[in-house]
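Same chain, two partners: chain A is paired with chain B first, then with chain C.
For the complex of A and B:
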């Protein structure tokens, strides 16, 4: 088909894709006012109490997962919504964090090799490993843009998935059960409610950090590069450096979410890094509203509630979740946050 | 030497299977501008239909035809009901909606055919092996290679020697003009999508004797096709051909020779473990090399 010869040119493409269709720029919801963020966080904090009061206390595990995956979705939204870089590989960072913290915990319990049960060691370690991998994969993937970026991140995701599957010492593709959770000072993380609020506090920290980042010079450059990268480069801005910074931070926070997820389930399994999980994170970002940060939390609660409902009423929940996704794309373009706010676009 | 020949043929067989999937994917992207995550589901649907028909009729050829037709039909349904509305959308929307199709398809085949995995046997007339330069090689694998070559030839002839092919090429770059000339572009798009779907279904049926027919069986092939497209350059059939063969051979040779190479330095059991992970990673290493040298793929369109 398009067999025109390529000049060895690594300047990233502009708005135009290789295909004939010039895909529209990503539809971005405006950043939500602070009051919405606070309201969402208050609801999140109250959720277990409400669930308990109406007799749905068994939902605490689901709510905890929603907080954790919401954190990863917020991190992904920084890259997708503000950077315009659609990563379909963020589940590999969930897996990275889960395997870093999980292996440390497993080896501590077995008394073999390097291990620790201290959250203050294991969680930063997970973030560090996530950042290093994010730097390596990000630097490679950022040599491309647009649809190539999606495919490259997805390929790296699959590579890491197979790597986790091949770790026979930690159960291979079956995974391995852990004997408990990390220890965090005087707090008892074994208590599900305490663990929930630890996750909520970390989520608040993550939201504060990303909200600051968005307003930092690096965040401005990131958004400007999303809208017109060639112009920015022509005035001498080193766009790729800021994009890589964003990707590394995002990967690191997603790894923290992975470390929390393995604590929640106390089960270390490669399933957490399956490519459809990467897709689900993107779904959360879109349901919540791209480029709204706290939308990731809305999206993650929205999706997990949708799944719970689908499981409740039918055994074929995936079918209806899939149908729901298609409906959302075709009918509700700006996500939940967009519905809440109308069609403003002044990021 | 025999090992080398065998692994080369295995690599070609895997490469040509990938080619059938990735050529459809790249054709669809080149023309429709759609990144279709559900392409692996069409592979799976072809396999399920064929397994079902083979179980009823016992005839592999009938099953093959049914599988290809089933995948094409599923493709037409997807295009008219969902994909068509995504042409002007950004990639994010395309990813989300086609991911929705993947979830529906994975659950859908289980709703229709149950959760028990199925199998599809090779036809009896392709059983056995032939002798090639002293190597006993399965006829069925050779048949896949030949089918792959035939696919390339037919696709090449279709695009370069027919009027429809001319429309497809024109639609790549000048679709409004093509419509103004009286070509039914909507129908052409559906046709191209169905062609890609049929190719994926064909690949699904012929690969099934080596696989388990189950939900999600096409996912890894989809992702490998993406690697092919990153290597070959998006929208380019030529790129898909080279990318598929490079990937198939890199995988076959990597899985065989990397463990041996590692074995020179360590004890056998460690070598087996390290080597096999290196071997599985060889396709991604190939992608990384291309990204470093030619970020837009071997035959990708120039940027700008």
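For the complex of A and C:
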């Protein structure tokens, strides 16, 4: 639609606001310019090198967690920012991925023949299990909307949390230490820097996929359903189907992030699926910029780096993190991504 | 499957608690005819439309599309069978431009499967059709205009273009002329006359001049029930209708 040269000759009769923005091809559905996403990814890729150069190489673990949780936040943003479905249950998918990959690793080390240390088996398996759970829970949760959807996803999150807690073979609520990371072809994931860049590459793939989805027919219908679902159904859209597939994809990618997280820490624990982790993912999406995808990455880096710095300088770090969050929400209505984009054009 | 030609409702009933909104309603919409549905405020006109299009379930009664019983088919399903309704209150999607709104409606109605393939904005045929429909309804703005910049009349016309984008055979229009300028009313009237050739139209409308100029048949609702139904001349002469409804308008 709407390339500049195929607009009809008639002048808009609603000339009141006809500024340069009206002349822009698709002013309203402006996504973040690609350059912002690329810039963020370049910064992410350079971060360990910079940290190393200024003597903060111990931050590599934190940066890796930021990449991994950023991936989960991007997946969550697709459901929250584009679907308008606020899920307070995405940590259960982190847990699902972590326990899928973690149990496979654990069984491999035990030599029971039921495990594997191959990333190319374990990570897709994590995504598959996450998708199946996402489908089951999503189908039920999508019978509700709004605050009820939040509560139902939270309830499912708690169910999964207590399920993981009850796995005595894997340390119950204490969790269990793993003896190493997955193996990925010739790459040595035991090397923290190599593992970091593997995570970054996967993050790029996830961003490309979701960017494409947002512009697909399904993505358009998802966004339109967010704004007025009954209206969209009245022109024939099966809205539930698009919402469910979005939820399943999101769950699957969050599970991949969970599998990466258990590789990062080499420690399998139900803590990753606690509902407060779901809340933290939501906070990342909000401070990064709801409905911007790459905002999830900005949010996770912002939050984790903020925490790290605050812990460095004060014992009351949570107070200052909270203060920082309030400032961001008040001063940057569309989050950090919105700051980079400038003022939103359509109001 | 060939296109349907008749939407026939028999004995539609709907109530909210003690409030009986529609009772034992019979309505028929046939390709080539424009049936008007009139009645005082609160007579149940909008509820009747919602029952016809499948948005609201009926407590009793059936809806048939030709010989097929579609009573149990939901709203998106009926749109795909060719029944579309416009809304009394315009509600275009604020996040999309004027042209994109029409494209969205077309996507919503046509889409099978998951819809992951392709880019929504990059189908030339669909985009051309959207532009054509905007011209048809007389909305002369740049398709790239944000919907928020449309005035009320523009939004009404966009609503109509979106309904047409679903490729309907049976059109259920809820006061499409409300709030339009006389010029726009004339344009939409002409459009409805053209559409009548290959569509069945049910028109809810308050403007009696428009109704009597366009309608092939008129159904008068009062308190949720059909008070009278017949050709315009008969309705114009009907004592009950005059007493209950027309005089208060004149």
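Here, the second predicted complex is superposed on the first by the 304 of 347 C-alpha atoms of A that agree within 3 Å, B and C clash if a C-alpha of one lies under 4 Å from a C-alpha of the other, contacts with A are read in each partner's own complex, and residues count from 1 in each chain.
The criterion applied here is as follows: a residue touches a chain if its C-beta (ideal position, glycine included) is under 8 Å from a C-beta of that chain, and two chains touch if they have at least 3 such contacts.
A quick note: this is a predicted structure, and the numbers were derived from the prediction, not measured.
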Between chain B (first) and chain C (second), which does A:238 come into contact with in this model arrangement: first, second, both, or neither?
second
Which of chain B and chain C A:318 touches, first, second, both or neither:
first
Of chain B and chain C, which one touches more residues of chain A?
B
Should A:220 be classified as contacting the first partner (chain B), the second (chain C), both, or neither?
second
Which partner chains sit in contact with A:228 here, chain B, chain C, both or neither? Use first/second/both/neither.
second
For A:80, decide between first (touching chain B), second (touching chain C), both and neither.
first
Chain A contact set shared between chain B and chain C covers 1-2, 4, 6-8, 10, 12-14, 16-18, 23-27
Touching residues (chain side chain B, partner chain A) in the complex
26-27, 29-33, 35, 37, 82, 85-93, 95-97, 99-108, 110-111, 159, 169, 171-175, 219-220, 223, 226-227, 229-230, 233-238, 273, 276-277, 280-281, 284, 287-288, 291-304
Quick check on the complex: what are the chain A residues that touch chain B?
1-14, 16-21, 23-27, 80, 86, 88, 140-141, 143-144, 146-148, 150-152, 154-156, 158-159, 162-163, 166, 168, 275-276, 279, 282-283, 286, 290, 316-319, 321-326, 328-330, 333
Interface with chain C, chain A side, in the complex: residues 1-2, 4, 6-8, 10, 12-14, 16-18, 22-29, 213, 215-221, 223-224, 227-228, 230-239, 241-242, 245, 346-347
Looking at the complex, which residues from chain C come into contact with chain A?
53, 55, 75-76, 79-80, 84-85, 87, 91, 93-97, 99-100, 103-105, 107-111, 114-121, 127, 130-131, 135, 140-151, 154, 162-163, 165-166
